[in-house]
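Each of the two complexes below includes chain A, the first together with chain B, the second together with chain C.
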Partner chain A sequence: MSKDNQVLEEITSKEYEHGWTSNIEMESAPKGLNEDIVRFISAKKNEPDWLLEWRLKAYRHWTTMKEPKWPNVTYPEINYQDVIYYAAPKQKAKPKSLEEVDPELLKTFEKLGISLTEQKRLTGIAVDAVLDSVSVATTFKEKLGELGIIFCSFSEAVQEHPELVKKYLGSVVPMNDNYFAALNSAVFSDGSFCYIPKGVRCPMELSTYFRINAANTGQFERTLIVADEGSYVSYLEGCTAPQRDENQLHAAVVEIYAMKDAHVKYSTVQNWYPGDKDGKGGIYNFVTKRALCAGNHSKVSWTQVETGSSITWKYPSCILKGDYSSGEFYSVAVTNNYQQADTGTKMIHIGKHTKSRIVSKGISAGRSQNSYRGQVHVLKRAESARNFSQCDSLLMGDQCGAHTFPYIDVENNSAKVEHEATTSKIGEDQIFYCLQRGIDEESAVALIVNGYAKEVLNQLPMEFAVEAQKLLALTLEGSVG
Partner chain B sequence: MLSIKNLHAKIEDNQILNGLNLEVRPGEVHAIMGPNGSGKSTLASVLAGREEFEVTDGTVDYLGKNLLELDPEERAREGIFLAFQYPVEIPGVSTINFMKTAVNQVREARGQEPLDAVSFLGVMKEKMKLVEIDQSLLNRSLNEGFSGGEKKRNEIFQMAMLEPKLAILDETDSGLDIDALRIVANGVNKLRNKNNSIIVVTHYQRLLEYIVPDFVHVLYKGKIVKSGTKELALELEAKGYDWIKDEVALA
Partner chain C sequence: MNTVVETTPILSDILGSLKPEPGLKTDAFNSLEKMGLPSNKSEEYKFTPITRALEKNFNFANSNPQSELNTIDKFAIADVDAHTLVFVNGIFSETLSRYNQTDLQIKPITGLEPGFGTLADYKTDALVAWNTAAWSSGFSIEVNPNTTVNKPVVFHYIHDTTKAEVKSFIRNIIRVGKSSNLTIIEKQDTVGEQPGFSNIVTEGFVEENAALSLFSLQADNGKRFHFGQTAIMQAHSSRVNSFTLTLDGKLIRNNLQLILDGEGIESHMNGLYILHGDTIADNHTVVDHRKPNSNSNELYKGVMEDNSKGIFNGKIYVRPDAQKTNAFQSNRNILLSDGATVNTKPQLEIWADDVKCSHGCTTGQLDEEALFYLQTRGIRKETARAMMLYAFAGEVLNTIAIEPLKNYVDALISERLHKNF
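After this line comes the complex of A and B, so read on.
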């Protein structure tokens, strides 16, 4: 067998690491979507009337909307009536502590390397683990509580802190913002809620881990982060799903509200099941993420490492409303086989002296398509706004595609906007150089790709950077040859 | 150590090596000279296992093994090192990180424990002295923005780190200033011993004053057409290649 074939053989036999399913007794809503389903979900969660009304309004609005067709992705028509909108692990009563959580559930997360047992966690990371539609457990709650930090599941926040939820829910991503956000607003089942009080620097990483387990089920979680004046928090999101032949829908919403002098760092390592080597199965990932830098001198950074999903539609954005506020977007998006990604960011400069920085690194292999779509909008009153964008594409092989769609809209002459873009191919010369030093081909590709993505990976918290590096290597395994 | 017999190699439809013979024994230093385009770098690439070159005839025996059957990384792990004529840039990867990966993969292949960060740094410091290279250079992205001379010095640093049995230096002297030439040559001489061999490809006899070869060969049109001792290099320096070309034409 020639070397190329061997390498090909290796990828094709390489399976998605998190493709297993757990055997957990589930409770789900019937298939399909209508007002009754929305009421069913709301009732399951024991929600106040205002929230049910909010959901219904979103649902009604959604029925008047059309799925967006502008992204550079193609997929068969989604039948929204063929999806289950609510599935939850059956638990007798709501567990009061970790000891009461179904051990099978804990095992599921254990297997993913997420230990929910606080004693076992060496590093300071608090985790909210979400399986299918509900939050299973949140760690380090008491410890954070001492500082006045609220970190809990969304459902719990609705019960325990309704005034905060009511005030900020939809304040950054309105329920009718876009097709998928409206859908999410109608049927979201859980997610994480986080509030950092005035002047508090959150002493540990907060993290949400999403896992889709049930078949034919959509996952619609909602995350709301409110950073009060002068506070700081670093937030991390991870996700995986079992390997299934049919496509599964994931439409999440993340809202970040940053007040004066607040700083929020949000990092994502997205590893949803990408489909098999022939493009069968995989997650459709349609996500709305947006931050509002409401106060002066506030700052939000988005860092994302996108390796999974068969389709990614995602534009973490910043609305820079406060004067001197700043937004950052660091992204590595890797596509292989038949994956398609259309991802990027929007930076909306409203306040004076607002700053934004965009660093996007696309890597395409196989027959995948990878698009960067970014908008920089400087409004009239945004005196002295500044933006810098760097969009690089790396191609591996000649059957994949990389595309860049920058939209720049400047209404104030004092703005300084810079955009740079490059496209390169991973060189045979580079690989041979590595081989000649005794480095095998897989490691060579990993080394080169990680070097290329370094500026973004450097933004991740240390231990996740290591994980992300491995993930990049794994995603691209065998794609040269 | 290395025994090349009747080696023929081509790239696409261009036949480049046409029946090359070369015998290198442990401890020997061989210099290969020859006009531009005669096939010197091609020989180096074929020995290192570059797949674009197809070997159409001949054999290469390296330490009792059929070299042509080994993958490039296996050859490297068996002790073959090529200092490239044009070292490649790898953005975002420091020389240190690159060498750590290389050294540990080579060690693993040889059944040795990987070096931890501390011992690696120890070895590195020692080798840095040998080639008088500054750590700040090694912290930068591999070869990116390096001057011509810095790239060559970096190649010899890598050679020192990997301690090869057979090193092939492809025009490592070109682009070096006079001091750098001496430093690089000193580095090579310190790595020289009775168990390892070196093939030096060069256009200038100047390098051979520092790295004194046991044999000098002239490669022309894909063949070794003349061999001699270090005096041959002096003769070439004085007379150029025309007389050799004439000899070949007559033969």
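After this line comes the complex of A and C, so read on.
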């Protein structure tokens, strides 16, 4: 018995696994934000003038904007002048191959389980790793290049494919879209760029791995995915950060542009440092993600597993512009301790016969607050639009909260829109059944939660699904009883 | 609430027309001055352009015209024997009213009643603030403990706009004593072609083991602009049933708020809105579970035709103490025409874990297959359509327990749906 307790103790006190920092020489901009910093970042990246102008325009617009107060989260005022907007691992020259990359850096990613060096061994996933603000390595580039797929860091894309970047940057999330998107547009330092040519089915999962390492920095990356006619890509995103007492800001933008018959699948496992059990530290995750289904019969599906961040503010959305286009949103958001999440989606039906499906599963434990906020908007010309939304909340413990704010706006009389939401706790009978079969309470909860989230986890690619399942169990440890 | 303050001419007209006495009226006046009328950016009035509508249709510097109305028989609810309190253009009409005080006390409102101003919050809602600063008449209805009131009380709000536009501000307070019961019916009607604006705030206290039924019938085919706030505080084991019917009007906004401040409470909120023309009907409901072991159930259904717009916002709060709460909410809409819109926002905010809460919301059309089935049986398409809509409305209609009232509402709905089977 005592041994059991010991094991239990060990597991429940298990804290954030990725909380270490690596000792990499960094180069960073001074604290604060002004036009000079924007110019500094742009110059660092050796960017063309149009991009600098674009950034400055975004910055000037940002200064006129107010931070949004409507999300159902509370946090102390952010001092935007106290953040370092650019930090990059110091490199003497641009590495030509992986052998030249700083070994410390490679070690960092190995610790995270991302093998940049093992690209010969077929892991089947092409990775673009972003440390702090800069993309450090992209794997499988050549193989993808054979198919005409462009998968590289954003700065590289700016240099090598400026016409594509110029055409699509800001086409889905304009630089003045919202407060955090404008901030990102002004200071984004890197990110991933991906272009799938006409009719190409990307043979492997593309993946970006984000990690914040340096203290006091904000991470502002930008992902742009362009899927040309009839193409298919599945894209994965993972994130971690070291354990620090102060809060760090992460304001990313993801844009997806899907043309006729294109299909994009975007999956995220978000595991930023959530703060300790007293709510100290953690990442503010203020992210704008949006997809434009521009062409007919295009399809975008978002899958997210949100377990980290002290505050999450994120609404991966789909603008269904093409006729017969469809959007999907599958989400599991878990909050524990003092975490706060306000997440959901927007499905804007513009084209005829557009379809959308929303499945959102919220799980709150400890003293956390978990909100679903979503909008389904059927515009006047969106004939025969169809939406189904389901958002369920599971409450564990009597100190947490679950909230749902769905907006349903229908302007077309041929639309069919359904929404349902439930809130409940794990049934005592379910727990009892498991106990009776010799499954202890902790495992029983993990089992039930996994079952509850199955519908969403099933949407994830295999490798991610396993990780996500483990993460779920880990996040909820210690929340029973 | 994020009200964006704009000093509009309408606001200065309104403020200029008010001469509040010191006390609560002045506080509310100041609050209104500070908040301003809701703009389209304000979350609570996002889809209801009430300020613009008032600006376009009213001049608040003018006072109400005199009315020569001497009969209201055509508006009466047949076969319902009731205490009837009639207001014409915001002023109580002794001659048109019919009531006695055998089971209950009916007194003109003074503003000094215990609990006055405690439920309807003039600090957060500009229209409540306006009412609190501007009310000119209304009643305090009180039922002693252990009393069964057999006759319902009818509040009949009539606008006589034959000469000019009308603005009315009415304030009521209701108190149902322990183990007593009371039924209230609110009805709006208009004589004349000019627009009318009514702002009516009712606060109610339902004590232990008491029951209150509230009916609101809004089938006013005049140019009615209406804001109504009804806030009810429920004590242990009390029951509240509400039914709101909206068939007509220009812009109707109903705020209904139930505070469940006790255990073993039952609350039922039902609503039906069948809209045509350019009517905008907005139902905002709040159910606030504060204590454990209570049940609430909400069902709102809407049919929108022509260019009408239906808005529904249902909030359910379950506070940390309110364990073992059951709260259900359902909102279903049918859009019949190209120009019709619906904006709905069912909202759950839950801070207790041992609860069962759900909401459901649908928007769609009449089922083509069912329609076809009826047609294959030799039923004309129009009749089939009316049958299906009538059945859709029937679920809410059947919650009315008072037979003559149900028949009256049934007749109104049947007329609207051109039911002739």
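Throughout what follows, the second predicted complex is superposed on the first by the 464 of 481 C-alpha atoms of A that agree within 3 Å, B and C clash if a C-alpha of one lies under 4 Å from a C-alpha of the other, contacts with A are read in each partner's own complex, and residues count from 1 in each chain.
Simple rule for what comes next: a contact is a pair of C-beta atoms (placed from the backbone, for glycine too) under 8 Å apart; a residue touches a chain by one contact, two chains touch by 3 or more.
What you are looking at is a predicted structure, and each value in this text was computed from that prediction instead of being measured.
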- [ ] Figure out whether A:S384 sits in contact with chain B (first) or chain C (second), or with both, or with neither.
- [x] neither
Open item on the list: Applying the document's definition of touch, where does A:Q430 land relative to chain B and chain C: first, second, both, or neither?
Closed with: first
Open item on the list: Contact-wise, after the overlay, does A:F405 reach chain B, chain C, both or neither (first, second, both, neither)?
Closed with: second
- [ ] Go through the superposed model and pick first if A:I448 touches only chain B, second if only chain C, both, or neither.
- [x] first
- [ ] Scan A:A421 for contacts with chain B and chain C and give back first, second, both or neither.
- [x] second
- [ ] Report the partner of chain A that touches more of its residues: chain B or chain C.
- [x] C
TODO: Answer with first, second, both or neither: which of chain B and chain C does A:N176 touch in the superposed model?
DONE: neither
Open item on the list: Applying the document's definition of touch, where does A:G438 land relative to chain B and chain C: first, second, both, or neither?
Closed with: first
TODO: Flag every residue of chain B that touches chain A in the complex, lowest number first.
DONE: 48-52, 71-73, 75-77, 81-82, 84, 87-93, 97-99, 101-102, 105-106, 109, 141, 158, 162
Task: chain A residues touching chain C - in the complex, by the definition given at the top - done: 69-70, 380, 393, 395-425
Task: Residue ranges of chain C in contact with chain A within the complex - done: 2, 43, 47, 320, 323, 333, 335-338, 340-365
TODO: Within their complex, state which residues of chain A touch chain B.
DONE: 3, 427-430, 432-441, 443, 447-448, 450-455
